[in-house]
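Structures follow.
Look at the two complexes coming up: chain A is in both, with chain B in one and chain C in the other.
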Partner chain A sequence: MNDISAGRLLRSNTRGCVVGCHISQPVPVFGSMINIPIETGRVFGLVYDIHIDDDGLVRQLAAAGSVPDEVILDNRTNRNVPVEMSIIFIGYSIDRKISHLLPPRPPLSLDEMYICDAEDLRNFTNAGHFGYFRHILSGQDIPAGELLSAHLQAANSAQRDGGNPNWISEAIQEIISLLRDNHELMTNVLSAISDAFLASS
Partner chain B sequence: MADKKTKKTSINNPIGYVVGGGLKSNLHIRLTVPAFSIQEGSFIVLKSGDWQFYGIATDLQLGATDPRFADDQMENRLPPSIVSLLQGQTLYTNLVVLPSLMLESGPDLNSPEYAVWRRLIDNGEKEEPRPVPVKTVPVHHAKAFLANKGNIR
Partner chain C sequence: MPINYLDLQPQIKDYCEQAESTYKSRSRKVDQVLDLLHRCADEITSGVFQDISGLKSPHPNNRCARPDIERIDQSYRSINEEKYVLLASDGSQITSNHHDALPISLINISGIFYQPNSRKAPKIQTFSEFIRNAENDIALEMIPEDQVNMIRDVAEAGMLANWHSEGDLPIIAISDGPLELFHEPRTSAKHQRLFQEYLEVLRKIRQAGRIFGGYIDKPRADLVIRMLEIIYGSESQLDLASISDADIFSHLLEPGSRSAIFQLNSPSSSNYTGPLALQFFYLNVGLKDKPWIVRVEINRWTADNISSVHLLHQALLDQCRLMGSQPYPYILHRAHEEAVVHFDEKEKLTSLLSFLLQQSGVEIGSRSYKSSAKELQKRTRMK
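Up next is the complex of A and B:
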């Protein structure tokens, strides 16, 4: 388990949360699986949006003609506004038992977030039968196709390293099964998955 | 799920399962084997609970969960491995079976209930089962098999 904090929770609800971090911290990439330790176990989620909001100084600098490199570096490393990451919850664990249901209660503000390592990914994706896909596919304002393809790439890599090369076929089959009555979303999701795997092959 | 393109038929392997139909509108069997491995006129056995139903294949119909999956040629847009998985779940063939006879086959041979059922017949308390004209339908998802020589006799 990775023990380097990747940020602290700013706000949350049952379905997800927003985490803020400093630019010097390890910022998870889009689609990364993260976990937030709580009293009874851990809450798992996927990063579906990373946003870098402006502050007053950035606006002034952007409006200025030329900005020296050291000013840009100073502004980036000493930002007052954190890098914000939107997280969709996909499951939780209690006493190391993993569930793909939404967490019983969301984590609290300033709880720390950690990036899941390959073992966490394998343990989470091996539990149950892809029940967490429904949270991704039913999420509003979430780029489901892009998020799933990024997650499948990372999980496939972890599963292959763990000696389970068939995991990806089973995962895609489950996605097709969930979306077979929704042609538009299915085409969108499968196109994104194809692009991801064609790019990586 | 088995690959429909490569799965072979044999007497002991199911060829599909009941998805709908009725006594008057025939039974619809979702094939789990390639369409070309079943022909019109084949004798079909359906196993449902303690009963076996016998019928004749009268039609084969191609279908899709959404007509757009049948219209779109996904081969041009997606890798073959994904196309294969997609077509396996969204495109299908339904076998139309005209049910004609039904036979009480009793509980599973290895179950304790079978001995009780058999004893009732042997003691004359229950009639020896024989094929009778079909009066009911198998349940949803009852498995379908190609009939063997014994079934046809």
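Up next is the complex of A and C:
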């Protein structure tokens, strides 16, 4: 289990949360699976948005043209401009038992977030039967296709390393089954997955 | 919308008419001053004025410029290719009045060390300190705002004097505002002690071999105009009101060039003696067709070394260019960002202190009802 903090929770609700981190911390990439330890276990989620706010100075510097390295470093390391990540919750664990349901209660302000390693990914994706896909597919304002394809790439890699090369086809079958009544979304999702796997092959 | 626009409508018309008239007369006055400036420069060169360096304002409270060794109607470009490092400081404060629940007097000082072309992030230091009394206890009584401001000014200069820096590049220290303490001269023992402390800090900056400049953005001063009024005022009825030195030098200085260095003559300038004597120049940090005149105060120890002046001149231009179309030294802006204490921070500190005092059983006062009433609507302005 990775023990390097990737940020602290700013605000949360039952379905997700926003985490802030400094640029010097390891910033998870889009689609990364993360976990947030809570008193009873861990809450799992996927990063579906990463945003970096601007301010007046940044806008002025950007318009000024040439910006020296020292000023860029100053803005990235000294100024209090956090990277904010939006997380959708996809499950939780209590006493190491993983559930793909939403967590009983959201984590609290300033709880620390960690990036899941390959073992975490394998453990989470092996538990249950892809129940967490429905949180992704039903999420509001979430780029479901892009998020699923990023997640499937990472999970597939972890599963293959763990000796389970068939995991990906089972996952795609499940997505097709879940979206059988939503042809438009299914086309979107499968198209994104296909793009991602074509690019990586 | 508490403003009665119906009442204001005719007054707005008057305002615009008066402003238009002032604007039209301004260009005539500027031309007049430019003529006088050239004439004065010629007369100094030809030796008509023998004791110009002893020029004093006839009014003891007035301030004016005095020519130094450079020709006063010329502009000067920076000639510098030397590398340098920059140091800047700024400060902010919390002051209280009798409407507050707790008297809090605190200063927050930041320093920033910037090495151009180093590919390193600037180093930043910040310290926050309650104001202390003569017995070195935290002052629990109300401290007058001007006293807190003066303590802050001394601490800002102290940050520049005490910053430990390795390396052999010349260090240019910049502060926001004039080097002449605005709060001087004051006669109270407390002010005098602070002022002596300030002079000691200036000596320390000099001993550390630092080039020191105070950057005054959008200056309102009319020091050079006052000088010309004093010299030529008896000859004719001069009316040079409502124009400033910046109006004059925006016509005289090309972008990137500075004025001659002048000596500063003010009620308190006699307290800055020898190498600490106050001098200044104007600098156009603006762009072509968009001049922006600032005033830079320096001490004699910097003015006497022309390569130091060139370095300071170049450094300020380099810093201002970083900010694009609204030129202002980046390092000063950053020092301000690191130092500024916002209103809600005072509220947080008050709450924290109140909580801890109540836990200890200390009965604390409450905010005045007048102040509380004003807070009923969310505060959107500072005063």
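In the analysis below, the second predicted complex is superposed on the first by the 200 of 201 C-alpha atoms of A that agree within 3 Å, B and C clash if a C-alpha of one lies under 4 Å from a C-alpha of the other, contacts with A are read in each partner's own complex, and residues count from 1 in each chain.
Keep in mind that, in the parts below, a contact is a pair of C-beta atoms (placed from the backbone, for glycine too) under 8 Å apart; a residue touches a chain by one contact, two chains touch by 3 or more.
This is a predicted model, so every value here is computed, not measured.
In the superposition on chain A, A:A155 contacts neither chain B nor chain C. Once chain A of one complex is fitted onto chain A of the other, the partner contacts of A:A63 are limited to chain C, with no touch recorded for chain B.
When the two complexes are overlaid on their common chain A, residue A:A192 makes contact with neither chain B nor chain C. Looking at the shared chain after the overlay, A:V71 reaches chain C, while chain B stays out of its contact range.
On chain A, the patch touched by chain B and the patch touched by chain C do not overlap at any residue. Interface residues of chain C facing chain A in the complex, by the touch rule stated above, are 114-122, 124, 321-326, 330, 333-334, 337. Every residue of chain A that touches chain C in the complex is listed here, in rising order: 57, 60-61, 63-65, 67-71, 73-74, 76-79. Here chain B touches chain A in the complex through residues 1, 65-66, 68-69, 72, 77-79, 81-82, 85-86, 88-90, going by the rule given at the top. Here chain A touches chain B in the complex through residues 169, 172-173, 176-177, 180-181, 183, 186-187, 190-191, 193-194, 197-198, going by the rule given at the top.
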